[in-house]
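One chain, subunit A, links the two complexes that follow: it is found with subunit B in the first and with subunit C in the second.
Moving on to the complex of A and B:
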């Protein structure tokens, strides 16, 4: 594409802008590079030369971190994230479908109620939820994380999917109704396939949110066998105050899945994350 | 708000079908969001500890106590500072950055690279960001201190997270580091929706980039500016993770925010009723912000 540049923009300004953006890019990226490089060092190497490449690449930091518990935390995060996303997408898509194609009483009020959940931060429900979890025996199980994560994710996910569905022509459904298809079948065979792009974006956003979720994981589980990776690295950090290399290897491992997903699916990521706030 | 309001001709039978489809989602919200949020308000009228069976009804005593708690004043102020700085960086600066990237000052390839680089921090877990920056900010051995030493600014070196004057600002800085690029990406999408010929017309008239920014970009993305401002203020109100990880509200409660204060009261100090009171305050502030947003959006 031909660069549509400002003719009036002086060379000095251009250089200034390059300098600003290069600095910002380095400031944003370097901490991650620093993390990955230092994950290969011993604590002493790190104090001696925090900038440079490792003199000896201590790969064993990663295996130590892996065996220290990171593997289990990653597995737990994977279980919680996958379950949450599947349940959340199912419920949100059903609700969005009804809100878009069906006519029923109190529809506007119900939609407002679903969206309104987005305003409330988890803090306001935390204490009663904690008691519910304790009384129902859900405390310290995967469900203690999955259920609230679904609930707090539903408003935004429903909003995204509903917005997308309003763009699907209603004639498709009417034609199918004429042919005698029921709502469940139209939902499954017409709407779901058409919604695939938004389901991918919404699923990705939701997965990232749940993978990074902190306050429920901090409050509703305590044993090593259930802890997700965000809380796992916290206990890790406390236990490994003196062994920075292994700690950083652990931190690096904990973000590797998201980084990899991001680099592979950058378009869906940015597209999905930005589709909500911009109409 | 949605088109066909509650004045529907739907029969009860039709309605029943619609309700069945929304029921699971609604149930989740009622059981895990609204129900507990309302229960929480009731809790705030009692004084009790997590495992105790005796609940003392204290009415509004918890609120009175909160009002007189100096930590509450600090927390409220910190949330406000958090919001002010975040709005400046994440709305103001992010918008300018987005406008520059969208103005094709850089070749497309570099512009994409810059966007990716600035966006990257926002996909990371807050905990990892907090821990990494804690290491970076460690006095003497941390990267920041080493930079200061090597550039001859050693006198600036300090325990950023360990001193009451700087702790909350260090945390806020990290938060800006993480989120400014994300908001910038939001603005870039919004700017792309502004008709190109508006810019071209102004350019022909000889308007500078700055003039184009004020006269086309800013009015063109007004809606997004509003939404982003609300998101940012709400985010600053509910902030918890980054503060809890980096300072846990310390040293000496100087970096306390409502979220950490509430969490500590419930799960460290075992003052559950008092903690619910703080959560209720958060609830009403969030509700107010939400209502303001609805009002502002209706007005246009």
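Moving on to the complex of A and C:
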């Protein structure tokens, strides 16, 4: 009796688990499907059948959105995101290397200080940062977005890379020292190649954060030539209130690059989140 | 090849002294094995020689030049690590060539050196492989190859065989001995395995608690251990160390009695009659025969020999190695006698050889 009830329980458990995950998946994915479906409709079609497939696939919505200025916003986001990720990874990797392999005074205190940056919400520093940007002439430039994004991303990225580096055996560095390599060379030729998986994960996490960043983009830039997609689509929405299909196409375009990057690299992303958890 | 002098070297971590003033002279082409239990400071000593740890006190001299403050790579030393420490993302060839690349060695010369090392170590077909595609023994050979290509004055080995299984360890031991003969290099080898020490060394250094207990040729240490620690550490199974009393003395010889096991032992320092001493006798130097009665508690029959784990009448443990296969009486009774001239006598207080 008991023997028969066990498989039944296991099946029930499995069904329940599937139900929960399917619900979660639908909750997450449906808005995106809705967005992409409606990006192909006219405003009338959309209100007539919000949940249905488009009667006619209006591909021109995308070209209209593209020409309306979304291309510029995408380019700006690309510039800001790529620059931020590159600078952030470079600084975080070097900081992590120093924290892992070098012996220096107040190492633990410095690490705590770096980590402390993670608990500071960006909103708190908006006004002082705004003053700094204005006075240094960085306001309304790419740097007004890149520098704060790098600064606020560094603590977590350093934490992530440091955790990974502690798993690299110290004997590799010692072997390289015996081979005559200096610290710069050991960093470049031993540690960096071995950190490739975590660099990919940290880069992806950072890219997603910066691509979707809103507060700095809203506060530190105002010119159309520097605006990123998050702010761009907002003004887009105001201008295109009457043309929902084009608006949806613009929104779809704005999330497409980061969505594609995530789908391609999701394995790295998950790997990065769990690395260092179990050694 | 080079000679090395270790003069009063010590290593201090805060208030703790891991190495407490060690003197060793290593001649050209000598194979020196530093042996001792875990935590005795042997790896720390090796790392100080390599330059991976600073020297707190004393001098390290290689070929007459003081090396204390010289960078690891400039000491003319190569080291083989316990974990091999191969660069996982580099091929065998790149691993072996890394030091040459750093030293900006011309490519054709580097290729020649790598090929030569690969030939010595039979690594030729593996040059394009990554370390993860190699077996433990092959990885060990690559680690040695990486040392060879640098053409160092001195090779250092830090427990290089401890990650290998028993059969591979034996094979690598033989290969290392051959390598030493072939390269005619000065080698310093750290291990806790006294069989490696006995089979590889020209000279053994026994360490305990950061100090040298004895330095000597393997058989010299086996035959004349300086104290009870060395006596117990070198030799397998370990030497029986029994509490005994001196019952008679003549010139250069003392008769001792350890709970019925009576033995005449040659000594340099004659103890007084009645003194409490430690009698050292190796299991292989005891034989079954008329003598002291012992009670066998357990035995191991290995085919060629049988080990009997017995107790003397006063309860002291005694291991006896008997040739061939032995069956013991149901009550475990056995009488043993020591082989003449094979026992050792140590002071009951200091443990030093008498």
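The rule is short, and it goes like this: the second predicted complex is superposed on the first by the 250 of 279 C-alpha atoms of A that agree within 3 Å, B and C clash if a C-alpha of one lies under 4 Å from a C-alpha of the other, contacts with A are read in each partner's own complex, and residues count from 1 in each chain.
Just so it is clear, a residue touches a chain if its C-beta (ideal position, glycine included) is under 8 Å from a C-beta of that chain, and two chains touch if they have at least 3 such contacts.
Every value quoted in this text rests on a predicted model; they were computed, and no experiment measured them.
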Return fit or clash for subunit B versus subunit C, each positioned on subunit A through the superposition. fit
Report for A:111: first if it touches subunit B alone, second if subunit C alone, otherwise both or neither. first
Applying the document's definition of touch, where does A:193 land relative to subunit B and subunit C: first, second, both, or neither? second
Where does A:185 make contact in the superposed view: on subunit B (first), on subunit C (second), on both, or on neither? second
Tell me which partner A:211 touches in the superposition: subunit B (first), subunit C (second), both or neither. first
Counting residues of subunit A touched by each of subunit B and subunit C, the higher count belongs to B
Between subunit B and subunit C, whom does A:175 touch in the aligned arrangement: first, second, both, or neither? second
Mind working out whether A:16 is in touch with subunit B, subunit C, both or neither, as first, second, both or neither? neither
Taking the superposition as given, does A:128 touch the first partner, subunit B, the second, subunit C, both, or neither? first
Shortest CA-CA distance in Å separating subunit B from subunit C in the superposed model: 8
Determine where on subunit A the residues touched by subunit B overlap those touched by subunit C, and list them. none
With touch defined as at the start, can you tell me which subunit C residues reach subunit A in the complex? 50-52, 72-74, 77-79, 81-83, 85-89, 98-99, 102-103, 146, 150
Contacting residues of subunit A [partner subunit C, same complex]: 169, 171-172, 174-181, 185, 189-190, 193-194
Using the touch definition up top, name the residues of subunit B that touch subunit A in the complex. 1-2, 4-6, 8-10, 12, 14-19, 21-22, 24-26, 28-29, 31-37, 39-40, 43, 97, 100-101, 103-108, 113-128, 131-133, 135-136, 141-143, 146, 177, 181-182, 185-186, 188-190, 193, 203, 206, 208-209, 223-224, 227-228, 231, 234, 237-238, 240-241, 244-245, 258-259, 262-263, 266-267, 272, 275-276, 279-280, 282-283, 286-287, 289-290
Hey, which residues of subunit A end up touching subunit B in the complex? 1, 3-9, 14, 17-18, 21, 24-25, 27-29, 31-32, 34-35, 46-47, 50-51, 90-92, 94-95, 97-99, 102-114, 116-117, 119-130, 132, 147-148, 150-152, 154-155, 158, 183, 208, 211-212, 214-215, 218-219, 229-231, 233-234, 237, 244, 247-248, 251, 254-255, 258-259, 262, 266, 269-270, 273-275, 277-279
